[in-house]
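Here come two complexes built around chain A, the first alongside chain B, the second alongside chain C.
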Partner chain A sequence: MTTLRSTAPTTSRRTVAPKKKSFLHRWSGWLFVLPALLFYGVFVLKPLVTAVEYSFYDWNGITVATFVGFENYVRVLTDPQLLASIGHAFFLIIFFTVLPVSGGLLMAALLRELRSKGMGTFARTALFLPQIIPGAAAAIAWVWMFSASGTANQMLSAIGLDGLTRAWLGDFTWSLPAVGVIGTWINLGFCTILLLSGTGKIDASIYEAARLDGAGFVRTLLSVTLPGLKQEIGVCVTVTVISALASFDIIFMSTQGGPGYSTMVPGVQVYQLGFTQSQVGLASALALILTALILIVVLPLQRLFRSED
Partner chain B sequence: MKAPIKERIPGFALLSIAVIFSVIPLASMFTAALHEQGTVPVGIEWPADPQWHNFIDAWKVADITPLLVSSIVLVLGVVPAAALIATMAGYGLGQLRIPGGSVVFILLLLGLTLPREATIVPIYYQIRDMGLLNTQFGLMLVLIGSFMPFAVFWMRAHFLTMPKELAEAAAIDGAGAWQSFIRIQVPLAVPAVSSLCLLLFLWTWNTFLQAIVLIDDPSKRTMAGALQNFVGLHSTDVVLLNAGALLIMAPTIVVFLAFQRQFMKAMISGGVKG
Partner chain C sequence: MTQNEFRTSRRRLLTIAVAATAAFTSGALTACSPPGSDGANAGSSSPTTVSTEIGSVPISLTLYDGAGLKAIDDALIAAFRKKHPNVTITARFDPDNVQSVNAPRVLSSDSPPDIARIGALGETVKSGLLTDLTPWASAYQWEKLPAGQLAQYKSTPDGVRGAGAQYTVASGFTVTGFYYNKELLSRLGLSQAPKTPEEFETALEKAKAANLTGIIAGNQNGQVATSFQFALNRTVGQDKLNSWIFGQPGASIATPDATSAAKTISEWAAKGYINRDTNGTQASDAMGRFARGEALFFASGNWDSAALQKQMGENVGFALPPAADGKAVAMSDPSSNFGIPAKSKNKDAAAAFLNFLTSPEARQIAVDNGFAPSGSGEQPTGNGALSTQVQKAFADLVLADGQVQYIQNASNGANAAWTAQIQLLVDGRTTPEDMLKTVQTQYEQDLGK
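What follows is the complex of A and B.
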C-alpha cells in the first residue's frame, strides 16, 4: 500500500480528467450511498420521527388520536411507577457495567500475567460464550439457576447458608439484583476479551520495568494496566451502560418486570404500554425519554475516556 | 517472564471462579435436561439415568425444524443484502468522499446509540400499514434498516484506510466507479466484509424484540423469538424447557466455537454487543 501511495500519479489526474466530469463523478458517488440511506431513512429515521409525533397524542392504536401536548412527557416524569422503571435501569448499571468492567480488568490482567496457554484459551472461550447466546436464552438459563430448586440455592445450602435460600426472581427485594447478575454474566466476557486485547498494545518493557522495581500484581494492575487501557475501558463502559439502560430481552424473558414492578425497566414498560395496554402515546414518550437519557449518559463518557494523544 | 508460583495460585483460583461462573448456568441446564420428564431436578446434578431422548422429544415439542429453516431464511434475506448495501455506502463515504457525506455520517452516528425500543412502536404500525405484518419480508426490511448505522460505520472505517489513489488509478484506466468498486475495492474489502457478516449473522439470529412484535406465528420468527412462545407453553416442565432452550441455543454456540477467533476479533473491534 505504501508503494502505491508514493507512486500513484496524484497530480496528473486533474490534467487528464476534465473538471466537469470530475464534478459529475463526485456526485454519482451518491448512488452508492443511496440504498443504505433509504433503508435507514424508512426503517429508523421515519419511525423515530413518528415516535415524536405519537408522543404528543393520546392514542390507543385504533380510534382517533387526541392531541395532548406534553402531557405524556409530564406523566413519564411524575408517575412513580414509570420513574421507578427508569431508576431500575440506572441501578442495573452496577451489575451491567461496574462489575463486568472491574471484573474484566482483573481477569484480563490475570490472563496476561499467568500466560498459561491451555487455561488461557479455555478461559477466554468460556468467558465469552454468554455474550453470543441470545439474551432470551440466557434468561431461561438463569430462571432455572435462580429457581427454588435451582443451582444458586443448591450452592448456598452446600456451604451451610440454608437460611439465605429463596426463589430469587420472585422476591421483591432480590429480584432486581438477581436480574442484574444475568447482565454481569453476559457482559463479563466481552469486557475481559476487549481489555485483554488492549493489554497487548501496552509496551511489554513497562511491565518489565514495573517488575524490576518490585511492583506486585496489584500495583502493576493499578499503575500500568489501568492507565494503559483508558480507551478500551471507555468502550466497555459505553457499550455496557447502553445495554443496562436499554435492557429488554433478559427481563422480558425472566420476570416480565415482576414481581409487582420490582424489576420493571423502561424497555419492558414501552413494550407493555405500546402493545398490551394500548397507550401508544405514553409508550412513545417513555421511549424517547429513554433515548435522551442514553445520549445524556453516553456522550460525556465518550469525552471522559477519549485518549489525550 | 512468569510470575512467581506464590502469586500464580490465587490468580488461577480467581480465574477459575470466573470460568465456573460463566459455564455453570449452561451446565446446570444440561444436567436438568437429562432428568426424567415431569420430575423436578435439584440444582446441578448428574442424573443416575440420563434421558438423552429428552432432546429428541424437545426437538419435536418445540418444533425446531421449521424454526431452524425460518432463522436460516431470515439470515439469508438479511445478511447478504445488508452487507452489500453497507459496503457500497462505506465505499461512497470512505473512498469517494461524496459531497455532503459528513451529513450522512452524522445522521448514521445518531442511529448507533438509538435503542431498539425507541422505534419499535411506530415500526409496528408502519409495517402493518405496509401490509407486511406477520411476514418474514417485513422483519427482514426492519432488520436491514436497523443494522445500517453500524454496518456502514464499519465499512466506512475500512475504506478510509484504503489509499485514495487506488480509485484514482482505476479512474484513469477508464473504469467507472462501479467497475472499480466491484473489481478492485470489493476483493480488497473481503476481510472487513466477512467480519461484518459474522456479526450480522449473530444479531439476526438472536433478534428478539422485533421478532416478537412483528411476527405472531412463532414458526416464522427467529430462534430467539420462538423461545418466548416455547416458554409460555412449557414453563411447568423444567426438564423439557431446558432441553428445548439448549437446542435453540445450540446453533449459535456451534458457529461460535467454529469461528471463535473471528467472532472475538469482530466483536471487540466493533465495540458493540448484539
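What follows is the complex of A and C.
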C-alpha cells in the first residue's frame, strides 16, 4: 500500500514535471520493497518452485534423480493410505474449526456480559493460555492425560463410567477424535480472544436497544453479536481450517499417525516420506496437493466472509 | 490518486510479480539437470595407499553422532587422545532420530565429518558417501573380528548389506532379550527364567491364570515387534532373516515361516498375554510399569538395564530370548556404526580411531556406558548384577555367533511400516499374512526392486 500512496504527489506534479522524472520517482518506491521482495523470493517462491520441480522426479535426496512425469501425483491420488490421510485432515476440521469457533462465540458473548463483573481478565487469560503453549508441548501433556491411567480416565471412573475408559490414543476408533480434542483446546482460546475484541467494536447502543426491546442472551447473541462479528469469524475459520488441514506438531508428538494409520495426516506423511523414507518427489507431490486443497477450501471462505462494504 | 493511475500501478505490480516468479522459475528449471546431479559422488571412496601411522603432526577430526551417545563418545574420544595427543576430535551431536534423518545430507555436504554414525548403511554406500575401508581392514586385520559383527559393517556397491567391502566399525553393540520380575516368577511357582519357547509360553499361561500381565510392551512405539522378532528369529532362522534385512536379492518376509511367528503374536494378544492397552502405551511408560511390578516379562534391550537396576534392585533379571535348539539368537546391532565419509580429508587418523574402538580400553568404556563391547576378547567387568547379566548374555551371543539385525532397519520405510502393521495385528485388524505382505511391498518399493 505504501507504494501506491507514494505515487500520490505525482498527481499534482504531473502537469508540470516532465514524464521522465515522474517515471523515476515512481520506481524509487520499489527500492523500499526490494529487500522484502528478495526475502519473499528466496524463502517463499524459490522453495515453492523447487518443490514443484522435485514433485516430477523420483529422488532419494542424494543421488541423481529420475524424471517420472506425473507418476507421483497419480500415486497420491490413487494410494488409499495417502487418500485416507487427507480424509483425516478434513475430519479434524470439526475439532479444529467448528467446535472452537462456535465455542469461542459463546465464550465471547459470555465474557462480554462478565466484563463489568471483574472476572473478565482472569477468564480471558485462562482461555488464552493454551494458545501460548507450543502445540508440541501441549501434545505431550495430553498424551499423559489420555493414557490408560490418565486424567481423562480418572474423571470417567469418578463418575462411574469405568466401562468407557481406554487408552484413548491407542484406540482405532477414538484416537482421531482424541487428537482432535487437543486441537480444540488450543484453538478455542485464539477464537475467543479474537471474537471478544471484535465485540468491542460493535456499537454499545445496539446492545442497549436490544435490551430495551426485551431481547435475552440468546436473542442478542444471534441478532447483534453474530452479524457484527462476521469478519472476525471469517478470520477464525480461515486460520483454524488451515491449522486442521496442515496439522503436524500435535499428531507428530502424540501418535505419529498410529495406531495403524488411524491418525495419519498429510503433514506427518510428508515428513515421513521425505525425511525417513527418502522419497523426496512423492513427499513434494503430496505437499503440493495439500497446498492446493487448502487454497480450494480457504479461498471460497474468504469470499463468503468478506464484508459487503 | 485517480482511478486510472491506481489501475496502472496495480497492473505494474502484477507485471513485476509475474516477472519475478518467471525469473525464479526459469532459474530453477533452466538449470534443468535433475536434482542431485551436482556431485554428491565427489571424493575418492577407495584410496590406494593407507597408513596405520598417524605421526605427531596436529590433526583435528570431527565426529558426528546421536545425542544419546554423547557419554560413551566423549569417553572414547578422551581415551583415544591419551594415546594420540596430536589428534583432537570434536564431537557434534544431533538428537538421535534427527541424526539418522540428517546424516545423508551432512555426509554429502562440502565439509562432512571425518567419523559419522551410519544408519542406513546400504543406502549410504549406494549413494557413494562412504570410504571403502578394505585397505585399512587388511592393515589392521579387521577380518579377524567376529563374523556376526563383521557382517554388519559390509555392503556391496549397490547397497546389499552383509557382504562386499567393509565400511564401518561399531563403538559398541546393543543386545536384546527379556527382563523378568523374579518375585512374580517365583509366585507363579517357576524357579528360573524360561529357556525354551515352550517354557516361555507356559509362564505366560500361568501369568494369565494368576491375572497378571505376561508381557508389557509400549506398542505406540511398536514395541511388540521385539517379541515378534524373537519368534521370527526362531521360525525363519538367523541367516534367512539377516539376508532379508540386508536386502539380498529375492529375499522375502512374506513366507509361511514368518507367518507362523506373526500368528503366535496375534494369538498372544488375543489371549491377553500382552497388556491390553499396548497400542496406547509408550515404550518408556511400559518400562516404568514393568519396574513397578505390573508384568512378568518386558522384552527389550541393554538400554533399559541401568534404569531397571536402579528401580528394581535384586528383583530383576535378564535373559536371551528363548531358543528352540539351544543356539542363542537375538537382535544385536551397533550402538554407533561409525564410518568415514568419502569426502573426509583425514582418513588415516579416522581409521585409527575406528581401530581403537575394538581395543580393551574402548571395550571397557562401552560396558561402562551400558553397551556390549565391540570386537572380541576378555569380557570387561560390568557394574551391578543386572549389567553383568546383560554382558554375560552378549558374550554368549557372540560365542554362538547369533547376532541378528533389527527387522525395522531392513529399509527406510520398514520401521514405519512394521510399527503401523504390528499395531493393527495386536488389535486383530489385519491378518498375519496381510501384515507381512504389506511390509514386503513397502520393502521392495524402498529398495527399488
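Convention: the second predicted complex is superposed on the first by the 278 of 309 C-alpha atoms of A that agree within 3 Å, B and C clash if a C-alpha of one lies under 4 Å from a C-alpha of the other, contacts with A are read in each partner's own complex, and residues count from 1 in each chain.
Going forward, a contact is a pair of C-beta atoms (placed from the backbone, for glycine too) under 8 Å apart; a residue touches a chain by one contact, two chains touch by 3 or more.
Just so you know, these numbers come straight off a predicted model, no measurement behind them.
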Touching partner for A:Thr66 - first (chain B), second (chain C), both, neither: second
Contacts of A:Gly183 with chain B and chain C, given as first, second, both or neither: neither
First, second, both or neither for A:Leu110, with chain B first and chain C second: first
Dominant contact partner of chain A by residue count, chain C or chain B: B
Touched partner set for A:Leu45, first chain B, second chain C, both or neither: both
Chain B versus chain C as contact partner of A:Tyr54, first or second or both or neither: both
Which superposed partner A:Phe32 touches (first chain B, second chain C, both, neither): first
Touched partner set for A:Pro100, first chain B, second chain C, both or neither: neither
Partner chain(s) touched by A:Thr276 [first = chain B, second = chain C, both, neither]: second
Footprint overlap on chain A, where chain B in one structure and chain C in the other make contact: 4, 8, 26, 30, 37, 45-46, 50, 54, 61, 147, 275, 280
Touching residues (chain side chain C, partner chain A) in the complex: 1-2, 5-6, 9, 13, 16, 20-21, 24-25, 27-29, 34-37, 40-41, 101, 104-105, 108, 123, 126-129, 219-220, 277-282, 285, 412-413, 415-416, 419-421, 423-424, 427, 429-430, 446
Chain C partner contacts - residues on chain A that touch it in the complex: 3-4, 7-8, 11, 26, 30, 37, 41, 45-46, 49-50, 53-54, 57, 59-67, 143, 146-148, 166-172, 175, 255-261, 272, 275-278, 280
Chain A to chain B touching residues, read off their complex: 1, 4-5, 8-10, 12-13, 16-17, 25-33, 35-37, 39-40, 42-48, 50-51, 54, 61, 103, 106-107, 110-111, 113-116, 119, 122-138, 140-142, 144-145, 147, 149-151, 153-155, 185, 187-190, 192-194, 197, 208, 211, 216-217, 235, 238-240, 242-243, 245-246, 248-249, 252-253, 266-267, 270-271, 274-275, 280, 283-284, 287-288, 290-291, 294-295, 298
Chain A-facing residues of chain B, complex: 1-3, 7-8, 11-12, 14-15, 18-19, 21-26, 28-29, 32, 40-45, 85-86, 88-89, 91-93, 96-101, 104, 107-108, 111, 113-126, 141-142, 144-146, 148-149, 151-152, 162-163, 165-166, 168-169, 171-172, 177, 181, 202, 205-206, 208-209, 213, 223-225, 227-228, 231, 238, 241-242, 245, 248-249, 252-253, 256-257, 260, 263-264, 267-268, 271-274
